[in-house]
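The same chain A turns up in both complexes below, where it pairs with chain B and then with chain C.
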Partner chain A sequence: MSATGIGASVRRKEDLRFLTGRGNYTDDINRPGQTHAYILRSPHAHAKINAIDISAAQAAPGVIAIFTGKDMAADALGGLPCGWQIHSRDGSPMKEPGHPALVVDRVRHVGDQVAVVIAESLGQAKDAAELIEVDYAPLPAIAHPGKALAGAAPQVWDEAPGNLCYDWIIGDEAEVDAVLKGAHHVTRIELTNNRLIPNAMEPRAAVGEYDRSTGDYTLYTTSQNPHVIRLLMGAFVLHIPEHRLRVVAPDVGGGFGSKIYHYAEEAIVTWASAKINRPIKWTAERSESFMTDAHGRDHVTTAQLAMDKDGKFLAFKVDTIANMGAYLSTFAPCVPTYLYATLLAGVYKTPKIFANVRAVFTHTVPVDAYRGAGRPEATYLVERIVSQAAREMGLDQAELRRRNFIKREEFPYQTPVALVYDSGDPAGCLDKALKLADYAGFEARRKEAAARGKYRGIGFSTYVEACGIAPSAVVGSLGARAGLYECGQVRVHPTGSVTVFTGTHSHGQGHETTFAQLVSDKLGIPIENVDVVHGDTAKVPFGMGTYGSRSLAVGGVAIDRAMDKVIAKAKKIAAHLLEAAEADIVFENGEFSVAGTDRKKAFGEISLAAYVPHNYPITELEPGLEETAFFDPLNFSYPGGAHLCEVEIDPDTGVTEVVKFTAVDDFGRVINPMIVEGQVHGGLAQGIGQALLEACVYDEDGQLITGSFMDYTMPRADNLPNFSLDTHNVPAPDNPLGVKGCGEVGAIGSPPAVINAIIDALSPLGITAISMPATPPKVWQAIRSARPSVAAE
Partner chain B sequence: MYNFEYNRPASLDDALKALSSGEEVKLMAGGQTLIPTLKQRLAQPSKVVDLSGIAELKGITVEGNAVVIGAMTTHATVAASAEVKAKIPALANLAHGIGDPQVRNRGTLGGSISNNDPAADYPAALMALGATVHTNKRQLAAEDFFAGMFTTALEEDEILTKVSFPVPEKAAYAKFAQPASRYALVGVFVAKTSGGVRVAVTGAGEDGVFRVSDFEAALSKNFAASALDGITVPADGLNTDIHGAADYRAHLIGVMAKRAVQAAG
Partner chain C sequence: MAISVSMTVNGKTVSGDVEARTLLVQFLREQLQLTGTHVGCDTSQCGACVVHIDGESVKSCTVLAAQVNGTSVTTIEGLANNGTLHPMQEAFREHHGLQCGFCTPGMVMSAIDLVKTHPKPDEHTIREWLEGNICRCTGYHNIVKAIKAGAEKMSAA
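For the complex of A and B:
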């Protein structure tokens, strides 16, 4: 292994600019003649707009233009499109209401876009916005997904009766019901997967610019996938062909899914920049981020797990209501279906699974993929019910799991819910985690904690997830309206340095380092000689972006394939220069040599010959050394692992402290262990945050109660323990690089481990459930209800 | 933020002149509440008078059996003060637990108590220690100064100058932080003074800081956590929000009071 090749913990190349304040984010971009946009938003969760009077605002100082939904409609613009179509069990397509960038006559969530004010300064735009008079007729609203289907619930859309977007199933219900009926034991659970607000450090922003001399549009935006935005906004909303629309996603300060989607503000500033013939900047304030970034999770689920007398799982039945919010965001419909129900087998050999997912509209901001997207919801459900089953069956948590695990030698494994896991070793991960966590010593730690007046518990989560999305043919058959391959381009410069162009996008993941390591390793050149370019449709040929832990598993392979092409061509050049047969050329450590001889050419000599082709096989080979590859995977990527959480609960206050957290994960082949560990840390922080701290709360009227950091609890360093991490890597046979995704596992595996630990700690009191987030008052109330005397002391 | 006139006087007299200039004037101490309020366009003063240039409002002195702290003294200064740490360590600890380093470096004692946020920490210290609030016009006992949520006895033409804290025999502050804001969900300051034990609670009450006479009576007889066993605080008049219902806050008052007594030693 070289110091900068695969497997080395190379320091992140990008950190110098980030840590010294030299990053270049969308809000740092200022274009000549730039104006500022302020979006007037709905204060109501649901209201009819009788009239909008902009006359006073138009006369305010500095105002250049004010547009409403009627202006956009007059230009025959499209609505924000949804990228995935789900069909209900009766074969009908999901209800897909329009999503105009600016509403016309009705607002459907707090924060919905009503008008845009464009002025010379942001202050002037805000001043003018206060002069806009909107005549609202407020209407009843519904915010809670569990109540949206009730007959009397306020209706979000006329075209979606009962607020039902779709009623989707997977599996054979009658078969599963029959097993449940005759089973030795059935464990039942009801749970909620709490709604989360992503809160990337950098708020969303967009700068739109139109060049009247060429007809070209440019959008600078905080996106995880600029090519996808170009496609969605250009083809569906603004009707601008690709060659007239450049989308740049420069440095982006975190996304976690929330910056995948095409948002209204992007379309508004791009469209309006041509209307006023000046560039327009919009940057979200934090309060706007809270009320307009797509939220995550928000499921209400009941489930039943059937077992035989030995605890062998026989069948699993799931009923889930998933909140879509008021409109369908880009990926929203696939999250609670194909990214959720297909994971319900978990790491177990449950032979029969049935799931019914009903997606509902509510008067809330759209809900879409958020770090993990569907897989955390599935993992939380499976690992909660499995832990409950172990308690009910009187079996050790590890033992029940081992009896049902898919064994290492049983991979590839066809689950009853569509996926074929290519590899894994659940038992190996668990064994290693149990050792690392000193499971054998747990009871002693529990006793020691009890002596200090604390309840200590340990929680298990053994998970697998499907990422590295995805095989285009598979997702296409499941309703995706786009392919999910990736593009990589490798440009070798005359002196042998390399620029890599990738269609993925780095917004914290460290691609500029990891991908450079792939190149340094394979081409045998110093990592300093490799630069990675991403985030600009004018530079990168094409791409589908970064989400679903796909960048390395899909985008990395595309780069690898492009390098294969570079090496193949370079071998031909070397053969010519070395006067040898191409078949005799060996490429090793950055040198092309003739097998069995000491004749060789350095990589830089070959690249120079390619660009200065004085002595060159010009009749057979083009000059230059630059190759592009597209890679479409044959399967998903299946990282997995075992997370063990230990908590201590203070019965006086209900405070839960995570005192120990052990994670042993299977990432296949690891390129940069330090970056992978960092990804796990971040994911665990978000997962523990979901379990203990984070909750998006709308009140009954659809007002957002947790609209700022004063009320929405983000995880902080002092909420987290030092993590005990290790890996148990089984190379992925279905991935050409052998790699698996790592970006989301922390957020997927950890929440059930935390909640199971709390339930374990409180189980001596007879407590069998606690919901997320397990806040101090909730835990205290549970203790008080279970044992009034304890809490009253 | 709306436009306003900004004024930074160098003396208390100049500040008083600016304050009485008849317009919608706002005094700014550390700005930790005012600036966010202005940025959210929730206030529209015509003039902001920044008190940070007035040297006579800053500083910490020991006068007889009292620690006297200027209104414009920052939380960080109080937290690090050798005098405060020596005489009333509980007060230094309280200041150290406010907000984060940025807040502590800007926020001031005077700003905090003039704002009288019901979840602020300092009001509990003033009430429990029996502090005296000094203004340009008069002196007020803490009980007479705090007048309900975000309300004080300060008049329109009055500027708070300093607070005098009598040195207690023992004292401690125990805070249960609201997890998101980390303001006090319940904060209890317990002080054993020559005149008896005083217990003040912040964060929990609908009307801001208040004293718990049952606790004071029990602790005056026996300054031990066990003295509070079986004494409960009614939930009536306590706040309920997404971070805790009134009954939870009532319970926490007892828990934090015991912890404060234990910490006071």
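For the complex of A and C:
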């Protein structure tokens, strides 16, 4: 292994600019003549707009223009499109109401866009917005998914009776019911997957610019997938052909899913920049992020797991209500279906599974994919019910899991819910984690904690997830309206340095380093000679962006394939220069040599010949050395692992401290261990945050109660432990690089480990369930209710 | 209503006209184009905006530009010395203490201030100190490691 090749913890190339304040985030961009937009938003969860009076605002100092939904409608603009269509069990397509960038006559969630004020300064735009008079007639609202289907619930859309978006199933219900009926034991669970607010630290921002000399538009935006935004906004909303629209996603300060989607503000600033003939910048304030970024999770579920007398799983039945919010965000409908229900087998050989998912509209901001997207919800359900089953059956947590694990040699494994896991070793991961966590010593630690007056518990989560999305043909058959391949372009310059163009986008993942390692390793050139370019539709040929842990598993392979083409062409040039047969040319360590001889040419000599083709096979070969590859995988990528969480609970305060967190994950093959560990750390923090701290709360009237960092608890440094990590890598046969995704596993595996640990700690009190987030008041209350005698003290 | 302000920023004297409501962070980002200092919230919670005013870490979204007239301000852009990274910057790089980089300037500025009062901070002290700095990417594990290492280097220097 070279110091900069595959497997090395190369320090990141991108760090220097971030550490010296030279990053280039969207809000750092200022265009000549730039104006500022402020968006007036609905204070109501649901209201009819009788009238909007902008006259006073228009006369305010510095105001250039004010637009409302009527102005956009007059230009016959489209609504924000949804990229995935789900069909209900009766074959009917999901209900897909319109999603205007600026509403016309009705608002459907707090924060809905009502008008945009464009002024010389942001201060002037805000001042003017206060002068806009909107005559609202407030209407009753519904926020809770569990209540949205009730007959008397306020309706979000006339075209979606009962607030039902779709009623989707997978599996054979009658078959599963029959097994449940005759089973030795059935474990039942009811749980909520709490609604989360992604809160990437960089608020969303957009700068729109129209070039009147060419008629071209440029949008700078905080996006994880600029080409997707170009496609969605250009084709569906603004009707601008792709060659007239450039989308740039420069440095982006975290995404976690929330920056995948096409948002109204992007369309508004782009469209309006032509109207006023000046660039327009909009940057979200954090309170706007809270009420307009797509949220995550928000499921209400009941489930039953049937077992035989030995604890072997026989059947699993799941009923889930998933909140879509007021409108369908870009990928929302696929999250609780194809990214959730297809993972309900987990790492177990449950032969029969049935799931019914009903997606509902509510008067809340749209819900879409958030780190893990569907797989955390599935994993939380499966690992909670498995842990509960072990307690009910009186079996050790590890033992019940082992009895049901898919064994290493049983991969590839066809689950009853559509997926074929290509490789894995659940038992191997668990064994390693148990050792690393000193499971054998746990009971002693529990006793020692009890002596200090603390409840100590250990929680298990053994998971698998499907990422690296995805095979286009598969997702297409499941309702995706786009392909999910990736593009990589490798441009070898005359001197032998290389620029890589990737359709993925890095917003913290370190692609500029990891992808440069791939190139340095394969082409045998110094890593300093490799530059990775992403995030600009004018530079990168095409791309589907970064989400679903797909960048390396899909985008990395595209780069690798492009390098194969570069090497193939370079071999032809080398054969010519070395006067040898092409078949005799060997490429190794950056040198082309004739097999069995000492005749060779360095990589840079070949690239130079490609661009200075004086002595060149010009009749057979074009000059230049630049290749593009598109890669569409044949299967998803299946990382998995075992997460063990140890907590200590203070009965006097209800505070849960994560004292130890062990994660052993299977990533197939690791390119940069340092970066991969960082990804796991970040995912674990978000998962532990979901389990202990984070909750998005709407009140009965649809008002967002947790609208700032003062009300929504973000994980802070003192809420988290040091993590104890290891890997147990089983190469992925279905991936040409052998890699599996790593970006989301932390958020997928950890929440059930934490909650199972709390339940384990409190089980001596007879407590068998606690909901997320397990905040101190909730835990304290649970302890008091379980120990009434203590409460009376 | 414009107010004239003058201060030293990263060793250079700067002056400008600001509105009474202009925050220091706005003055730095918009008038001086020092965009390394970030804005991550509107409730003074995230710490992305931390700079040093006369050597002490301050959230630059909580002070008005007019209030710091006559002071000496250091931002993330002013830390490296002729291209040599400050030991704390170097430690963040070495220990992968940053991912998207958005919280990073505030983290680094805050960490340097910590070391002033705690030359050898232990993990607990570091985690408590970071109460006012939120990172959504790293899970803090490597930030804590970086600050420990950075503190050691600073104390050794």
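Methods note: the second predicted complex is superposed on the first by the 789 of 793 C-alpha atoms of A that agree within 3 Å, B and C clash if a C-alpha of one lies under 4 Å from a C-alpha of the other, contacts with A are read in each partner's own complex, and residues count from 1 in each chain.
One rule holds for everything that comes next: a contact is a pair of C-beta atoms (placed from the backbone, for glycine too) under 8 Å apart; a residue touches a chain by one contact, two chains touch by 3 or more.
What you are looking at is a predicted structure, and each value in this text was computed from that prediction instead of being measured.
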{"item": "Touched partner set for A:Phe709, first chain B, second chain C, both or neither", "value": "both"}
{"item": "Touched partner set for A:Arg22, first chain B, second chain C, both or neither", "value": "second"}
{"item": "Chain B versus chain C as contact partner of A:Gln781, first or second or both or neither", "value": "first"}
{"item": "Contacts of A:Gly123 with chain B and chain C, given as first, second, both or neither", "value": "both"}
{"item": "Broader residue contact with chain A after superposition on the shared chain, chain B or chain C", "value": "C"}
{"item": "Set of chain A residues, in rising order, touched by both chain B and chain C", "value": "123, 287, 709-710, 714"}
{"item": "Chain C-touching residues of chain A, taken from the complex the two chains share", "value": "11-12, 14-23, 25, 27-28, 30, 123, 199-203, 251-254, 256, 285-287, 507-510, 674-675, 677-678, 681-686, 708-710, 714-718, 720, 722-723, 746"}
{"item": "Residues of chain C touching chain A in the complex", "value": "19, 21, 29, 33-43, 45-46, 48, 75-77, 79-80, 85, 89, 92-94, 96, 98-105, 108, 123, 126-128, 130-131, 133-144"}
{"item": "Sites on chain B touched by chain A in the complex", "value": "1-2, 40-41, 176, 179-181, 229, 242-245, 248, 251-252, 255"}
{"item": "Chain B contact footprint on chain A (complex, rising order)", "value": "123, 126-127, 130, 287, 652-654, 693, 695, 697, 705-706, 709-714, 775-777, 780-781, 791, 793"}
